[in-house]
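Remarks on the structure that follows.
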Amino acid sequence: MNPNTGPTLQDFGHDPLWLSIIKAVFIFVLLMLGVLFGVWTERKLISRMQHRYGPNRAGKFGLLQSVADGLKMGLKEDITPRTVDKIVYLLAPVIIAVPAFLSFSVMPFGPMVSIFGVKTPLQLTDLPVAVLLVLAMASIGVYGIVLAGWGSRSPYAILGGLRSSAQVVSYEIAMGLSFVAVFLAAGTLSTSEIVAKQAGGGTWDVFGLSIPQPSWYAISLLPSFLIYAITMLGETNRVPFDLPEGEGELVGGFHTEYSSSLKFAMFMLGEYINVFTVSGIAITLFLGGWRAPWPISIWEGANTGWWPMLWFLIKLVVVFGFFVWVRASLPRVRYDQLMAFGWKVLIPLNLAWILLYATLKALRMPEANRAFILTLGAIIVVGGLAIWLRFDTLLQRRREAKAAQIEEEFEQLREEPEAGGFPVPPLDLPHYHGVVPARQASTAVKEVTSGSN
Amino acid sequence: MHYWLSTLIGVPVLGALGVAAVKNELRAKQATLAVSLLVLVLTVVMAVQFSPNGDKFQFTEKYSWVPSFGIHFGLGVDGIALVLILLSAVLVPIVVLASWHEAEAGKRSVRMYFALLLVLEAMMIGVFAATDVFLFYVFFEAMLIPMYFMIGSYGGAQRSYAAVKFLLYSLFGGLLMLVAVIALYSIADKGSFMFTDLVGSVQDVGTQKWLFLGFFIAFAIKAPLWPFHTWLPDAAAQAPAGAAVLLVGVLDKVGTYGMLRFCLELFPDAAHYFTPLVLVLSVVGIVYGAIVAIGQTDMKRLIAYTSISHFGFITMGVFAISVNAGSGATLYMVNHGFSTGALFLIAGFLIHRRGSQYISDYGGVQKVAPILAGTFLVAGLSGLALPGLSSFVSEFMVLIGSYETHAVYAIIATSGVVLAAIYILWMYQRTMNGPTAESVRDIKDLNGREKWVVAPLIAVIIALGFFPKPLLDVINPAVTDSISQVQHVKQESVAQEGQ
Amino acid sequence: MNGTIQAPTIEYGLLAPMLVVFGAAIIGVLVEAFAPRYLRSSIHKPLTLLSLAGAFVLTIWQARSGIPTKPAAMGAVAVDGPALFIWGTILVLAFVSVLLINDEGHFVASASAVPGSAEEERALSEGATHTEVYPLALFAVGGMLLFPAANDLLAMFVALEVMSLPLYLLCGLARRRRLLSQEAAVKYFLLGAFSSAFFLYGTALLYGYAGSVDLAKIGASLGAVGGQDTLLYIGAAMLGVGLLFKIGAAPFQAWKPDVYQGSPTPITALMASGTLVAAFGALLRVFWVALGGLEWSWTPIMWGVAILTMVTGAILAITQTDIKRMLAYSSIAHGGFLLIGVVAIGNQQQNASALSALLFYLVAYGFTTVGAFAIVTTVRDAGGEAWHLSRWAGLGKRRPLVATVFAFFLLAFAGIPLTSGFFGKYAVFQAAVDAGATPLVVVGVVSSAVAAFFYVRVIVLMFFSDPAADGPSVVIPGGTWAVGALATLATVVLGVFPQPVLDLAHTAAQSLFVR
Amino acid sequence: MTTHYLVLSALLFVIGGVGVLVRRNAIVVFMCVELMLNACNLAFVTFARQNGNLDGQIIAFFVMIVAAAEVVIGLAIIVTIFRTRRSASVDDVNLLKY
Amino acid sequence: MELYVPILVLAVLAAGFAVFSVSIAPFTGPKRWNRAKLDAYECGIEPTPQPVGGGRFPLKYMITAMLFIVFDIEIIFLYPWAVAFDNLGLFGLVEMVLFIVTVLVAYAYVWRRRGLDWD
C-alpha cells in the first residue's frame, strides 16, 4: 500500500481527553449546523426541481429559514396529551436523538493531522467493530420510534410506530447484508481501515498504458452499493419509503402526538442526522471515504492535512442531494410493496451476491481447488434456478387465480350491484343541496380556538 | 450326553403350543392328556435309571446361556428333585383328567387352560431340575405367570383379587431372592451361577445371614410359612380345583425344596444361626394352621389351612437338621402332594355337584355318594397321618428326627397331629354323616372319569403308606448330603461351647 | 491478529449419520415449501424412513470400520463406542416411531385453527394435515444424535435445544383432545426452557472454573484449578438439574406425565424412547467424563435422586387412570432404575460393565416402550384413543392377541424373567451391586415390586374383568402392526437370548467415552 | 473487577428464575426465561474476559441464536393457546392435573 | 477500553442537549388550555380509549420481528466470517455456503407459507 494510506486502528485511543472533547464538540456542532443547512438545502433544491422559489424571505436566499423554524418550535406551546404514558412519551425523543449523534463518532473525516501539536487522526474514534456500532445505534433508534408510538397511546401513533419499526428492521437486514461484501473485500470492520483499503486500486497494464483500476467499493462491489443505496432510503424513512409519516393514511405516524415544540424538533433532528449518518457510511464504505476522487487525487497533497475533510463534506452534500433528488422524483410506495421489496427482492439478491463474491474470492486464492469450487457453485446455481423456476410458476398460478377471482367478483357485481351488501344509491336520488341543520349555531363553549394568538 | 431333563421340559412346552393351536376343544383335552402321560412315562423311565448312591446330581446337562453373566442352562437331579419331579409328573395327568370340564364354567378359552397347564408342568419340572441358581430363579418367577392366569381367568368369584395377591406376594419374594442371587454371584466371583460353583463360596457369616434371609423369605412366602401364608387360602380357595392341586401340591413344594437345597447348602452357618427362629415359625404355623382350619366354614379354605399346618411340619423337618427329619420332610412333600391333592379334587367334585363351597350346605353325602365319601375319608385320614397311610410315615419321621435334635419343638408340634384329627374328622362328620341335606339329596356318585382320577391317588397313598422304602432310598443320600454342611457347622459350634 | 486464525477441520465422514438426518430434514422443509399438497406426505414418508435407515447403515459401517479414539470436529463431537451404540439405538427407535407417525389420524388438521372453530371444521373436511411433522421429527432425531455425542458443553447445549424445540411443537399437534395437547406443549416448553437455562448457567460457571467448555478439559482441570470450588459445585449442580430434567428424574419429573398424556402418541413414543436414550448418553458423558473426578461429591446426591425417582414413579403411577399417564410414570420409575447404573461408577472395568448394562437396558426399555405406546394407539373410542383405563376392561376377550402383547410389554416393564426388561434390570442391578450400591438395589427391587402392582392391575383389567358393552374398537394400521410385531420380537429375543446384544453393548462400552 | 458482572448476572438469573416461579402470565414467564438466558450470556462474556480466551463470547453468539429460536417457537405455542383460551395465564392451563 | 472514551464524551454531549431541549420545552412556550388539544388526535372524532399497556396489534408484526431476529443472527455470523475469510479459505466457503443455503431453505418455506406477504 502507498505510504499515505491514513490512520489504522493502532493510531486510535491515544488522544488526551481534552482532544476527545474538542473533537466531540466539533462533531456535535457540525451536525447541528448540518441539520439547519440541510433543511434549507432540501427545501431549496426541491422547490427548484418543482419550479418554485422555496424559502427566500428569512435572510439572504432564505438561509435563516431553518433558524427561524427552530426558534418558532422553541416558542410554541408544548402540548402533552393527557392520555399518554408520560415517561415513555418524554423518553422517546431523547432515545431517537442521542444514537443518531453517536453513529458519527466512528466516521473518518481524514488522515493524521496535528492539532495543538498532537498528531491524531481526523476521526473521533475507531473500533475493531466500528460498523457494528453504527448498526447498533440504528437499532436503538428503532426503540425511539416504537416507544414514541407506544407511549402516545393513540391508534395512529401505535400503528405508525409499529409500521416504521417493522420497515426499519426489515431494511436493516438488507443493509447489514450489503455490508458483508465490503467486509469480505476489506477484511476488517474498522471504518478507517476500510477507507485505507479503498486507497489505491492498482492498475491494469493494457498495451503498455496503465489504466487506473477503480478503487471505490461502489464500483467493484456495485450490487452491494445499489442495495445499500436503496436501504438507506428505507432505513431513514425517506421518500419513497416514508410510510411512517404517510400523512395520507396515518397523519404523522409515530410522532402524531408530538405535534409541536422542541420534542418534535428532536424527531426532525434525529431524522436528518440519520440521513447524514447513512450518507457518511455510504461514503466511507463505498465512495472511498475522505479520499479525493480520481481527478483530484492526481495532485499529491490531496489526501494529506485538512483537505480530506473538504472532500468528505463535498461527498456528503452530493449524497444528500441524491436524497432530495429521489424525494422530488419518486412517488411513495404502498406498504405491502415496501415490505415485499425489502424481504423478497433485496435479501435474496444480497445473499446470492455474497455467495457469488465469496466464490470468486475463493477462486482467486492461490491454493484454491478451483474444480471443486466451480462444481459447488454450479450445484448451488442449478439448485437455486430450479427452485426459482418452481417458485415462479407457483406465483404465476397464484396471481392468475387471484386475477380470475377478482374478475369473477366484478362480473357478479355487474349482475346485481347490491351484492356484497354495499349500499348503492338509486340513480334517481334527488341531489342534496347543503341545507344547514338548525342546531348548528349554538356552540357556546368559551374556549380559545387553538392557533389564534 | 443325554437329554432326559431337557426333553421333560421341552415336551410339555411343545405340547402346550400344539394344544393352543388345536381348534377342537375335545382334541385339545385329549392331546393334553396324552402329552402329560408321555411326560409321566418318560419321567418314570428316567427315574428307574437313577442310581441312589451315584453322583449327587445325575442326568446333568449344561449349556451356556448368557455367558457375559455366567448364566448356564444347567439341569440335573438328585434324589430330592427326582421325587418331586415324579410327584408333579404324576399329578398333572390326574389334574388334566379331573378338570376335564373345569374350564367350561366361565365362557373362557378351554384350550388356553390346558395349554397353561402344560406350560406350568414344564416350569415345575424345570424349577426342580435347575442346577444353575439363576436358572432356578428364572423358572421360579416364570412359574407364576401361568398359575396367575389359571387362577385369574378360571377361578371363583374373588379370582382376580386372589390372583393378584398370589402374584405380588411371590413376585416380591422372588425379587428379594434376586438381590440375594446377584450378591451371591458377585461375592463368589466365580463368573458362574452353577450351584456347584457357588456352594461354600460365602465364608463371612454376616453376609451369609443377609443372603440367607433373601432366599429364605422368598421360599417362606412360596411354601406358605406362618406369617407369610395369607395368600394361600385365598388363592387355593379361588383357584379351580385342578389348579389348586398343583398350587398346593407342587408349587409350594418349591419353597420347601428351595430351603432344603439352597438355604441349607449355600449358607450353612446362617442356617444354623436361624434354625431356632425357623423352628418357632414352623411350630406356630402347625398349631395356627390347624386351629384356624377347625374354624373354617369353607371347604377349600379349610384344606388350604391344613396344608399350612402340614408345611409347618415340613419346614420343621427341613430345619431340624437330622437325616431322619430331612428325609421325612422330603417324603412329606410328596405325600402331602398326593393326599391334599386328593382332598382338593374330591372336594372339587363335591362342590361342582352342589355348587357351594360351604360345609354347612352339606350333610349325609355318604348315603347318596358312598364312593365319593369313602375316598374323601381315605384322603382325609392320610391327611391326619393315620398309620398305614402315606403321610403317617413322613410325619412320624419328621417328629422323630426333630425330637433327636430339638425335643421341645417336636413335642409342641405333636399337638398338631391331635388337632388334625379334629378338623378332618369334624369336617367329614359335618359333610358326609348325619341326615342327608335336601340340597344334596339327588347328587350323583363319582362317574367313570372321576373314578379314574381318584383311583391312582388313593392307590399311591396306600402304597406309600406301607412301602415308602424305594422313595426313602432315593431321598436319604441326597438329604444326608445337603444337611451335612449344617451338621458340620453345628458340631463346630457345639465344640466351641464345650470348651 | 487475523493471521492467527487457523481453518478448522471437520471429519464429515464420522458425522455422516447426523449429517444425513439433518440433510433429510432440510430437504423435507424444501418439500414442504414447494411440493404440491397432495404429494407431500408421499414424498415425506420414504424420505424420512430412508434417511433414518441410511444413517443407521452408516453407523453400523463406522462401528465396523473401527471406533475412533479421539473426538471429531475439533473436539466438539465424540464419535466413540457408546455414542455409536446409542446412535444405532436411537435411529432404530426413531425409525419405528416414524412408522407409527405414518399411520393416519394422530395429528391435527390445522394447528393454528382454534379448536371447535369453523376453520378447524374446514381443515378437517379438506383432510388437511401437517406434513411438517416429518421434518420436525427428523430435526429432533438429529438433535438426539448430537446430544449424547457432544463432547463440549456448548455443542451439548445446542443439541439439547435442537432436540427439544421440535418436540415442543410436536407435542401440541395431537388431533384429538386439542386443549390438552396445547397445554402439554406450553408446559413442556416453559419447563424445558427453564431447565435449559439452568443447564446453560451451569455451563457458564464450569467455563468460568475450567476456562473451557470441553468436557475433557473440565475433567482435567478438576484437580488443577484451586480456590474456585463454589463455581465448580454450583455449576455441576445446575448442569445436573438441566440433564436430570430431560430424563424426567424426580424432583424434576413433573412435566413428564402431562406431556406424555397430551402429545400425540407416536410423538410420546419417540420421546419416551429416543429422548430418554439420548439424555442418558449425555448425562453419562457429563458426569463420567467431565465430573468423573468429582465422583465423591455427586454420587450421594445421585443416590438420593435415584431413590426419589424410583419411589415417586412407582407410587404415583398406582393412582393413575389414564393409560398414557401411567406409562409416563412408569418411564419415570425406569429412569430411576437407570440412574442406579449411573451411580455404579468405579474403576475402569467396573465403569465399562456399568455402561454396557445401561446401554442394554436402554435398548430393551426403548423397544418395549415404543411397542406399548403403539398398542395404546390401536385401542380407539369414538373420540380417539381410549385413554381411560376402565375402557380397557375385558380387552383380553375382545382382542386376545392385542391384549396379550400389551400384557407382555407390561410384564417386561415389571421385569419378569424371559422378557427383555428382566435382563436389563438384572444387568444394572448387578453392576450396582459390584459397585457396592446394594442398598440402592434393594430400594430398586422394592419399588419395582410396587411398580409391578400397577402393571398387574392393568393385566387384571384386561383379562379378568368382563368387557363393557360399548367397549373400544381395536384398529391396527399396517405401520402400527409392524411396530407391535417388531417390539414384541425385540422384547422376546432380548429376554431369551440377550447374549448378542450384550456382547455388542460390551464391546461398545469397552473403550468407555473418549476424552 | 469482573466479579461485579458475575454478581449482576447471578442477580439477573435469580430474578428470572423467581419470575418463572411466581408470575402467572405465560408470556411473562417466558420473558423471565429469556432473562435467565441473557444472564448466562453476561456470565459467559465475563468469564471470557476473566479467562482471557474468546470462547465465552462465541458461546454467547450461539446462545443468542438458541434464544431466538426459543422465542420463535415459544411465542408460536403461546399465541396458539392464547387464541384458544383468550388468556395467557398459566393458571388457566389446568386441564392436566397431577 | 480507551477507544470508547470519546464515544462516551459525545454521548454525554448529545444526551445533555436532548434532555435539555425536551425539558425546557414546557417553559418556553405559552400555556392556553384547550380540551380538544389534550385529546389524542384522531381527526376530530372522540379518541378511542386505549387499554393500559397498549392494545393488541396484528400478529403480522410479531412474525416480522421473528424473521428479523433470524436474519439478524445470520448477519452476526456473516461478519466474522467475512473478516476472517482469507484465513478460512475453502473451508470457510463451504461452511458458509451450507449455512446460507440452510437459511435460504427456511426463508423459502416462510415465503411459500405467505409469511412475507402483507395483505
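Labels for the chains are A, B, C, D and E, by order of writing; each one numbers its residues from 1.
Going forward, a residue touches a chain if its C-beta (ideal position, glycine included) is under 8 Å from a C-beta of that chain, and two chains touch if they have at least 3 such contacts.
Just so you know, these numbers come straight off a predicted model, no measurement behind them.
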Next item on the list: State which chains count as neighbours of subunit B and simultaneously of subunit D.
Entry: C
Notebook entry, point to check: What's the chain with its C-alpha centre farthest out from subunit E?
Noted result: B
Next item on the list: State the chain with the largest centre-to-centre distance from subunit D, centres being mean CA positions.
Entry: B
Next item on the list: Could you let me know which interface, A-E or A-C, is made of more C-beta pairs in contact?
Entry: A-E
Check: What is the distance in Å between the mean C-alpha positions of subunit A and subunit E?
Finding: 13
Check: So, what's the distance in Å between the C-alpha centres of subunit E and subunit D?
Finding: 21
Notebook entry, point to check: Taking each chain's centre as the mean of its CA atoms, how far is subunit A from subunit D in angstrom?
Noted result: 33
Margin query: Could you work out how far the Cα centre of subunit B sits from that of subunit C, in whole Å?
Written below: 45
Checklist line | Numbers and ranges of subunit A residues touching at least 2 other chains | finding: 187, 387, 391, 394
Next item on the list: Mind pulling the residue numbers of subunit E that touch at least two other chains?
Entry: 83, 86, 89-90, 108, 111-112
Item checked: Per-residue overlap in subunit C, given as positions that touch at least 2 other chains -> 2, 30, 34
Next item on the list: Pull out all the chain pairs that touch, please.
Entry: A-C, A-E, B-C, C-D, C-E, D-E
Notebook entry, point to check: Considering the complex alone, what residue numbers of subunit C touch subunit A?
Noted result: 2, 30, 34
Item checked: subunit A-facing residues of subunit E, complex -> 2-7, 9-11, 13-15, 17-19, 21-22, 24-26, 28-43, 47-48, 50, 54-55, 57, 61, 64-65, 67-68, 71-72, 75, 78-79, 82-83, 85-86, 89-90, 93-94, 96-97, 100-101, 103-104, 107-108, 111-112, 116-119
Margin query: With touch defined as at the start, can you tell me which subunit A residues reach subunit E in the complex?
Written below: 12-13, 15, 17, 20-21, 23-25, 27-28, 74-84, 90, 93-94, 97-98, 100-102, 104-105, 124-127, 132-133, 150, 152-159, 162, 166, 169-170, 172-173, 176-177, 179-181, 183-184, 187-189, 251, 256-257, 259-263, 265-266, 335-336, 339-340, 343-344, 347-348, 351, 354-355, 358-359, 361-362, 365, 367-369, 372-373, 376, 380, 387, 391, 394, 447-450, 453
Note to self: So in the complex, the part of subunit B that touches subunit C is made up of which residues?
What the structure shows: 65-69, 108-109, 137-138, 141-142, 144-145, 149, 152-153, 159-160, 163-164, 167-168, 171-172, 175-176, 178-179, 182-183, 185-186
Checklist line | Sites on subunit A touched by subunit C in the complex | finding: 187, 387, 390-391, 394
